[in-house]
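There are two complexes below, and they share chain A, which is joined by chain B in the first and by chain C in the second.
For the complex of A and B:
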């Protein structure tokens, strides 16, 4: 008996087969999207946090990076102490403050970052040069801020700090020169951000003597040493919060649990739809062909062969639908990603749907196994059909 | 925002201390925070603007449940409420507020009033509540768009599933149709009978689906209310949604049934009988 018997049966009912494959395609596309969504955001966040190799964040106790306006201070002795750790290769403070820039006859609100170029993990230089260690007039601008203010490398801009809009007074005003255009890694798409040396930005935020920062980024010599560095820093500096990337990802995971739950529910429904579709089609097909199957059995075809053919038919439908589903799923994932990345405040480099080999393999394996198993019941019907009674019933 | 109280957002910055008699301000503590810090009315806490400057002593005067607010749901923020002068003193910013609400006289136009306020003085911006609400709900607009896109994919999958099932259901009737044709039943009668059967299946299926959706909605609300410790409604099966679901499945069911029935009645009876 030809091994293609089951497949030929699919060709006998082209409309039915096309509809079944289409149904499996859409269901498997949804399954793939949900598998990508389940871990995509988490992986994307982890990739972002580790993008510059800094494995540890030191924050005000009880807070997450940039979660509140709380600051750490005095920050200079803290940075010095942390840099003394033999396993720490870099540590850099970051301060985020509200700032304004004079633009034409108005004031444009900005986010101002105070950084230490010797230990920074918050930007990538795109044009121009980085800030020098003593460059108190130098400024780094993000693309969005540069476009809003019409700035390029070498231009000057007047920055205003501690603005009191009610009485229109400013605490400090300084003219800064753009040294470089950068990409701020943690900015969302709409943020207009600029950066200066930390002491300069501290003066934009407070009167002299406020040695404070929003957080510190720390890079250990090796990823495997990060956990021991975290433990030592926690012990040495109990007044601040010390978080490894694993801690941050764990806390982030709690916040995005909604998406993981939605992906599990919708993924399960997709699998159920696939199973139902395949099981229904195969059951009806087998019932239609009971006479044919009984004849084959009467001619000596083994029960196992009949079962295999029905399972092959289910697997073929699943494979065809699944292959098309991967293409459709990747397309819809991109579309859904453009919807979800419009979340206000989300860093521009975060993605919700991150294609990964493991995710694709998981989705494919789940689909193939459940699709094939969906044929078990119809296969059992085919195998258990009483030969004599069926043939008598089929006789004209 | 209540007129004499202002919300202070704390991220676990409150620390329970031994009761103190003097120089304490009253504070109302959100229930979740009270549970987390094991606070009760009469306990004393230290408050501050940063974790390393918890200088103000306050006595818990009340434990309250804040109004359910979807915009705070995933942020996990915990609140305490102080009298405005106490909070201003704590922040070192006397006689200042972030914002305040204005109730207009009946019939007044909020947009027009906002324009007048903005034109009359310098140093603040007035916004109609609707605009503030629209901007604050951007997150939910995104979530709704995502849900809608997922809904469209689900509808497409369900539609194909339904078409497939209807086609099979009608094709199951091949022998019946052949017998009816042999005994002289008209094609039109067979077509209508098959169509009626398809519509009954679609109707029953959609009604069962509605009950299933309602149960799923109850389970969703129960789960997320418990998960986020809130009274918010996460899932609602509205009349519009039921009408859309039932209408769509009926229309698709009838369409698929009609298509399959038409194919069946056009086929010669001997072919239907399997001898053609």
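For the complex of A and C:
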């Protein structure tokens, strides 16, 4: 005979047990999602901005990367100066401008990036080759742009810059050749983006002589040195904003603090629902079995044993519901992520729900402890039931 | 030596705000090997007396000693332990755990007493053989007839080799033929030296006992 014979009581009312487990499943799935959501966006953002190892961003003073249309300039001497820092291993400018591409008989709006392949942290090459240092006709296209324009490596496309939409006059037009297909790390799902060397893109944006960029990405020798590099750059270049990834994540955290608040509130509610559900089910089953419990006590079964059996029932319900809740929670998180990350302007590689071992362990421990504790009150009722009076109540 | 000594037991309940005297100064002595029947009309205090001497209820006044141990001097843990090891209960409605098999129901008090699994399984088999249910060991309580359930309950009461068996209307829920089987089993238990105190309405069962204690309105007659 198993010492956990109390567990078999769960099989006495299968429908009730199944419904209770389903209730706990839903509540624990919500709890899990809230735990994932609480820090998920922040972790995902940090992972994104560090994805190519660039720990520092140099932006127009008082702005965040791509937050405004402000630019830094002249950028070439700034990049040269930054690259001279002994702890800097790479630095590269990025310029984002509005572009158009001739497609059939229309003009397709694009985002154009001016980059320096020697120090770029904004794309991953998927097909073809990267731009060479003097390749003024070379073009990198994102998947969305490639699909929209029907382009593949080696194809040509006519790009149009400085288009005045009022009079449909163009400042500059140029035929470019696709060298590679890339994934632009900071693009949302709908953005059609292409990239050229920075000087070429500057000419698409302005007349000659405008040596400007939207931001610079800087990579220090290691993460520890990044802070001292930031300090030196701030001192040497007070005209620009210099932020480490840690600073950016901090600012991002402030902006999304409501996510954490919402997730904490909803997570707490789901825990409370779990506790109430388990306590209710166990109270009902204990009240139904008071006669049996009184018999056990009469036979000499200790209060401790009775309490243990009731707590084990609560723990079993929690474990079963919790295990199913993990599956449901991860599935729901994935589904919600596809909806939320489709939001315009949000990088496609950002995720709202990021599983993290510590978070999962915390949620599981919290659920198991509270689920078990939910049995304390019913267990107390069971253990304290007066034996004789209860048996008299059971008498015909 | 007395297995059970009860002195001047009274028990007053409060029912709808009114005191009800279920027992009014009852004394009882049960020696080792005795077979005592407690009889009387409904409401005369028979079951209350059994619950008091079995340590599952507390007298309003008076004392109960089992094997020389005063029950009123024990805390809940000690009293529970005494019930487990020294007293066997048989109830009118059997009170088997429906989720357990006959074998597991018999094992339960031994498991609670910490008996090793192999030993308690051996004893449970032996007890179920004793009550004639060796072929029904694997059946759940709900799959047994009333007589079978009561025989399992008797085997369970014997599990930890108690000093005394207290039975409350053990044939009360059974038909005449099945009641006879239980009577025969009690006869055999007594012949094997078991000390028995049986509360009953059943004249046949009372007639089997070596001594009959008659209660009326909470007092012993005669």
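General observations
Here is the rule we use: the second predicted complex is superposed on the first by the 394 of 396 C-alpha atoms of A that agree within 3 Å, B and C clash if a C-alpha of one lies under 4 Å from a C-alpha of the other, contacts with A are read in each partner's own complex, and residues count from 1 in each chain.
Rule of thumb we're sticking to: a residue touches a chain if its C-beta (ideal position, glycine included) is under 8 Å from a C-beta of that chain, and two chains touch if they have at least 3 such contacts.
It should be emphasised that the depicted structure is a prediction, and the values quoted were computed from it without experimental measurement.
Taken together through their common chain A, the two structures put chain B and chain C side by side without a clash. Contacts of A:388 after superposition: chain C is touched, whereas chain B is not reached. Contacts of A:48 after superposition: neither chain B nor chain C is touched. In the superposed pair of complexes, A:292 makes contact with chain C only, with no contact to chain B. Of the two partner chains, chain C is the only one that A:9 touches; chain B does not reach it.
By the touch criterion defined above, A:360 reaches neither chain B nor chain C. After overlaying the two complexes on the shared chain, residue contacts for A:300 are found with chain C alone; chain B is out of touch. Of the two partners chain B and chain C, more chain A residues are in touch with B. In the superposition on chain A, contact is made by A:29 with chain B only, not with chain C.
In the superposition on chain A, A:60 contacts chain B only, with no contact to chain C.
The overlay of the two complexes leaves chain B and chain C separated by a minimum Cα distance of 7 Å. The residues of chain A shared by its contacts with chain B and with chain C are 396.
Listing the residues of chain C that touch chain A in their complex gives 47-48, 51, 54, 56-57, 76-77, 80-85, 87, 89, 91-93, 95, 97-100, 103-104, 107-109, 111-113, 156, 160, 173. Contact residues on chain A toward chain B in their complex (touch as defined above): 15-16, 19-20, 22-23, 26-27, 29-30, 33, 60-63, 67-68, 70-73, 165-168, 239, 254-258, 266, 269-270, 273, 276-277, 280-281, 284, 287, 332, 335-336, 339-340, 342-344, 396.
Looking at the complex, you find that chain A touches chain C at residues 1, 3, 5, 8-9, 11-12, 291-292, 295-303, 305, 387-389, 391-392, 394-396. Against chain A, the residues of chain B that register as touching in their complex are 9, 11-13, 49-52, 74-76, 122-124, 138-139, 142, 145-146, 149-150, 153-154, 156-158, 160-161, 163-165, 167-168, 171-172, 227, 275.
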